[in-house]
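Letters A, B, C and D mark the chains as written, and numbering starts fresh at 1 in each.
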Amino acid sequence: MSRRRAAPVADAERAHGLLLLREMLRIRRFEERCVERYSAAVIRGFMHLYIGEEAVAVGVMQALTSDDAVVATYREHGHALARGIPAGALMAEMYGKVEGSSRGRGGSMHIFDAGARFYGGNAIVGGGLPVAAGLALADQMQGRERVTACFFGEGAVAEGEFHETMNLAALWRLPVLFCCENNLYAMGTALARSEAETDLAVKAAGYQMPAWAVDGMDVRAVEDAARKATTQIRAGGGPVFLELRTYRFRAHSMYDPERYRDKAEVETWHERDPISSFEALLTASGGLTDDELDEIEAAAAAEVEAAVAFAEAGTFEPVEDLTRFVYSEVRP
Amino acid sequence: MTTTYREAMRAAIRDAMTRDERVFLMGEDVDRYGGCFAVSLGLLEEFGPERVRDTPLSESAFVGAGIGAALGGMRPIVEVMTVNFSLLALDQIVNNAATLLHMSGGQLNVPLVIRMTTGAGRQLAAQHSHSLEGWYAHIPGIRVVAPATLEDARGMLWTALCDPDPVVIFEHGGLYNLEGELAADAGPVDIDRAAVRRTGEDLTVIAYGGTVATALAAAEELSGEGISAEVIDLRTLRPLDIPTLVASVTRTHRAVVVDEGWRTGSLAAEVAARLAEDAFYDLDAPVARVCSAEVPIPYARHLEEAALPQVGGIVAAARRAMGA
Amino acid sequence: MSRRRAAPVADAERAHGLLLLREMLRIRRFEERCVERYSAAVIRGFMHLYIGEEAVAVGVMQALTSDDAVVATYREHGHALARGIPAGALMAEMYGKVEGSSRGRGGSMHIFDAGARFYGGNAIVGGGLPVAAGLALADQMQGRERVTACFFGEGAVAEGEFHETMNLAALWRLPVLFCCENNLYAMGTALARSEAETDLAVKAAGYQMPAWAVDGMDVRAVEDAARKATTQIRAGGGPVFLELRTYRFRAHSMYDPERYRDKAEVETWHERDPISSFEALLTASGGLTDDELDEIEAAAAAEVEAAVAFAEAGTFEPVEDLTRFVYSEVRP
Amino acid sequence: MTTTYREAMRAAIRDAMTRDERVFLMGEDVDRYGGCFAVSLGLLEEFGPERVRDTPLSESAFVGAGIGAALGGMRPIVEVMTVNFSLLALDQIVNNAATLLHMSGGQLNVPLVIRMTTGAGRQLAAQHSHSLEGWYAHIPGIRVVAPATLEDARGMLWTALCDPDPVVIFEHGGLYNLEGELAADAGPVDIDRAAVRRTGEDLTVIAYGGTVATALAAAEELSGEGISAEVIDLRTLRPLDIPTLVASVTRTHRAVVVDEGWRTGSLAAEVAARLAEDAFYDLDAPVARVCSAEVPIPYARHLEEAALPQVGGIVAAARRAMGA
C-alpha cells in the first residue's frame, strides 16, 4: 500500500529534481556561450555573469507563480531564463537586435518582459528595491495575493535605498521577498570591508523583518526557503528577507583582473558548484541516469544554439526610430 | 467662485481620487498634518489612510515605490514636500521613471505624477529655496509642468494622471495663497501648450510658475511708459512649446526670459538659445534673461529680494531690449 | 576628615547643578523671546523651537571639550547656546544682520561658528550625518583624540543617509557620538508610523554600534550617558548611538496647528518639563535657593535683553555684497 | 614621455599625495581593484589603505564624509565611480559642499575635490551613459572642470586641491586610453581659462571633455572643404571663460557648440545663450548646437552612435552656419 502510494510521489520528486538540474544547466550553458560571443565582440558593453549562482535564481523561481513579479539587477541572465523568458530574446537583446527582449535598447543589464512580470534588469545598485516595494504596494492596494521577488547583491545593503525600502516594506507589510545574493564581493570589495555587521539577518531585525540565511549553492535548500517565505508572505505576514550564500565563479564583469581574491578561494568554492554537486547528489540517489544527463545537456546545447541562430537572424532597428519609446506613442 | 491656488490643487486631487480608484496620494505628512502647505487638508477624512498615505522620511524609497505602484496598475500622486528634498529621489526619477519605457523597448509605462513645491521668496535660506525646474526639464522621458494660475492648478493634475508617462508638477510656494475667481465647472486643461497671458506688440516677456505674476506686473509698469509687452506663461517646461514663443517673438522682435533659477544653465538659457536659433533673423536685440543671482539664496530679506527676479529687473531688461 | 573632604565635592556638585539649570533656563528664555520677535515679524522664515528638549543639548555639551565638534539640525538654538555661541550673535542672525553668526545669510536654521567648531545648522533631514562622519574621519586620520557630536531627530532614522553614515562610522570606528533626539514626532508623523522597529537601539545593533536609551528630560541622566559614551569613544572604542527620549512642547515650526497630537498628551509631558522638574529636584536636595533661582532668571533675562539690543543695533549687509561668500575671496 | 590619460591622472594623484599628507583618495574599489577604470592602480601599495580608502556602496555618505573631512583639515579626493551614481550624492554636493561657505557667512571652506567618470560611447545603455556636466555647472559654490588633454589630466588636480572651494573633475570614460606625449616635467595648470586647440578664421567650434577630439576631427574635415574652423576647449565648465569665447566669435562671426549632454537644457544652451547675449551684433548666423539626441542612451551600437555627437553632425552644422 504505502509503497504504491509512495511511488507517484517519488516520481514527482524525481521529475522535479531533473527540472531543477535542467534549469541550472541551461543558464550555465547559455552564459558560457555569451562569453564566447562577447570575446567575438558581438556582445558589447557591460556583461555580468551568474555562473556559480544558478541555484539561487532557479530555487527561488520555483516558489513563484506567473502572477508574481520579479525585480533583478544587471546580473540577471539567470533570473530571466529561470523566469521563462526565451533564450533567443535574451541573446538577441545582447546582439542589439529588434527581436531582443527590449528591442536591443537595453542590452545585458536591462532585460525586461512585461508579460512575465519581469521588471529588469536594473543597473543602479539598490535602485530596484523601491520599485519592488511599489509593485507590492499595488498588489496590496488592489487586494491581489501576489509576491514580488526582489534580487540584489550584498553590496547593495550599504546603500541608503536598501534601508529606506526595507523599512517601508516592513512598516506597510508589503508582500516582498527580498533575495540578497551574498556572493561575498561587490566588485572587488569583500563584505567585511563594506559592512560593520556582516550577519545580514541581524540587519533585517532592525526592521522587524523575518530573515534567514540559506545555502545558496544548494538549489533544494533555496527552493524550500523560498516556498516557506512566499507562503508566509501570501498569508499576509509581510515581507521576508533571505540571505542566499553563494559565490561568483567568474570576474565581476568582463573587465576584471580579480586582484581582490586568490585562486585558492575560488577553487574551494568550485568544489561546491551548485550544478555538479546537484548532479552528483541526484545520481547517487538514483535521481539521474547518464542518459538523462546527456539528454539535458543536449537540450541545453540545442536551446543555446537556437538562441544564437535567432539572434544572428535578427534585424537592427532603423536609426530613424532612435527617439521612439522616450514617450508613449498613444496619449489620450 | 472665489478660491485659492491651494484649494484648487486640493479640488483637483479630490476630483482625481473620486474619478479613479487607482489614484492615491503618497508623501510626507500628507495625512493628518494635511501636507506641509496644507494642500491635502481634509483628504484623509474623505479617502482614508490607504489612499492618503503618510510616508516615512525616505524620499528615494517612496518615489521609487510610486514608480513601482504605477507599473503595478495604480495611478499614484507622489508628493515630494519640496524640490529641495527631491535631490534625494533624483536617481529614481532619472534612472527609473524616465528610462523604463525606453529600456524595456516600449513595454513598461510609468503613469506616475510627482508633485513638489518649488521656489524661494519666504526667507527659507540656501537649502530650502531651490528652483530646479530647469534640471527636470532636461530629462527625456518625463513631462514637466508648472501651473501658474488657478485654472492650471485645478486642471493640470487630471490631464497629467491620464498621461501614460511620468509627469512632474511644480507648485511655487508663493502661489498657494493666490486668490481669485474660478469657474465652478473648471476642469482638465491641456499640458502641452504655452499661454499668452497678456498681448503686446513691442516685446515678449516669457515666464513660468512663480514669476508669471512678476512678469505681468512688469508689463503693466511698461505700458505706463508706452512699451507694450506680451507676456507668455510657458505652462509646460518639458517639452517646451517653442512655436508659441517663436510666433510671438516674430511679431515683437524682442524677448526677455524670466526664471527664478540661477542664471547659468537655467531653463531661461534653453529658451534664449532656442529663440536665437529659431527666430535669429527676427530678433532686433539680444534675448535678455532675468534670473536669480548666482548665490545660494540668503536668509536676510533684503539680500533674498536682491537675489530673485523682481519687477524692476524685468522692466530694466525690457527697456534695454527696446534700446531705451 | 571625610566631612572635610566631602564638602568641596558637594560644593562642586552643587555648582554644577546650578550651571545645568542656568544653561537650560537661558535657552528657554531665549526662545520664548524668539517667539515674541517672530510674532512681531522681525524674525522670519522657518523657526523651530527646542522648548522642552533643553536637557538634551545641555546634558551632552557637558561631555564635550572645546576641541570637539558639534553638528546639529535646523532645531539648533539650544545646541548653539549650550555650546557657548553668544546669544547676541544668534539673535542678530535671526534678524538678518551682519553681526549675526552667519552675517544674516543663514537665519534660524543655519547657525555656524567655526571657532566653536559648531558646524550647523543643517536643514536637510539626515544631511548632517555624513558631514559629522567626515569631521571625525579627519580627526582619526590626523591622530587627534576628538569627538564629533551629531544631533538629529528620530525622523531622520528613516533616511538613507542615516543608514549609510551609521555603517560607515561603525565600519571605520570613527569617533562620532550619534545623538538621536527622539521627541516622538517628525512634523506630524509619530515614530510608530514611520519606523517598523521603534526601538532605535535595536537599529544601532544592525551596525554593531553600542547604543543606549536615555531619559532626555533628565539633564543629569543625559550628562552621565554622554560622559560614558565620550570616554568610550576617546578610548578608541568607535562610535556610540544615544537615543535621547524627549518631547517637543511647541509646534514643529511656527506654522503648525498640531492636528496630530492631543492636548492631553502634551500636558502629561509638561509634567516632566526638564527645567521645572530639575528645579524642584535641586530645591528639594538643598541644591537651589529661591535667591539663586531669582539670580539665574535675572541673568537669563538680562542676557536675552542684551541679545535683542545687540540685534536691534545691528546693521544690514549692503546689497552690493550679495554674491560674496559663494567662492572664497582669496585663492592661491 | 609617452603616456595615457589614465596614467596622467594617476601621476597627478600620486604627486598630490606625495606633496601634501592631508591629501587622500576615497571611493568605491579604489584600492585593490584599482578603481573601476584602473586609475588608482598601484596607489594602495604606495600609500596604504588609510590614504587609498575603499568605501562601501554609500555614495551619499562618503561624499558627505569628504565634505566633513575637508572641514576638518584634510584635502580629500573623493572618487564617485561615475556621474550616473553621483545622483545619489547630489544632495550633499548641492546642499552642503556648495552652500556651507555662504550659509556660514564666509566661515567654512570646503577644500574638496570630487572626481567622476562621465559620458557615453561604450554601449553601457541608459543608466550608465549620462553626461550631467551641465547640471553641475549650474551650481553656485562649486567649480567644475573637464580635462580633455593629457596636460590637463596631469595638471588640473593639484590646482583643484589648492583651491579653497569644492571642485568637481569630470573625466570622460572614452579618454582614459588616450595616448600621447607628455613633458616629463608636466605640472599644475590653471583651471580658469578656456583654450584654443586649433586656430581658424571662418567659425568657432566649442567643445569640452570627450567631444574636443570629435570637434578637432570635424575641423580637419572642414579644412578639406576650405572652411577654417577654430576649436575651443572650455576646460572649465563653471565658471565659464566667456571672454575667450566672445573674442573668438567676434572674429569668426559663427559658432557651433558641441555637447554630449541632451540638447534641451544642456551646457551648450548656456554657451549659446551667452554668445547670443554678448556677441549678438557680431553673429552672422545662429549659434548651432550639436548635442545628444533627447533619448535615454540605447545599448545597440548603431543607435548609440546616432544618439551622440559625431564628426558628421558637427561638419553639417558648420556648413549650415557658413550658409553652405
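Note that contacts are C-beta pairs under 8 Å (C-beta built on N, C-alpha and C of every residue); 3 or more make two chains touch, one makes a residue touch a chain.
The structure presented is a predicted model; accordingly, all values stated were derived computationally and were not measured.
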Between A-D and C-D, the pair with more C-beta contacts: C-D
Farthest chain (mean CA position) relative to chain B: A
CA centroid of chain B to CA centroid of chain D, Å: 30
Separation of mean Cα positions, chain D and chain C [Å, integer]: 41
Whole-Å gap between the CA centroids of chain B and chain C: 37
Junction residues of chain C, two or more chains touched: 102, 104-106, 110, 122, 124, 127, 158-161, 164, 167, 171, 193-195, 326
Residues within chain B bordering two or more other chains: 55-56, 58, 60-61, 84, 88, 91, 95, 102-103, 125-127, 140-141, 294-296, 298
Touching residues (chain side chain D, partner chain A) in the complex: 28-29, 31-34, 36, 54-61, 84-85, 88, 122-128, 293-296, 298-303, 306-307
Chain D-facing residues of chain B, complex: 84, 87-88, 90-91, 94-95, 98-99, 102-103, 125-127, 130, 134-135, 137-141, 238-240, 261-262, 264-270, 272-273, 276-278, 280, 283, 285-289, 294-296, 298
For the chain A and chain B complex, residues of the former touching the latter: 69, 100-106, 110, 112-114, 119-122, 124, 127, 129-139, 141-142, 160-161, 164-165, 167-168, 171, 324-328, 330-332
Touch list for chain A against partner chain D, complex: 44-46, 93, 96-97, 102, 104-107, 109-110, 122-127, 155-156, 158-161, 186-189, 193-195, 256, 259-260, 316-317, 319, 322-323, 326
Sites on chain A touched by chain C in the complex: 158-164, 166-167, 170-171, 193-197, 202-203, 205-209
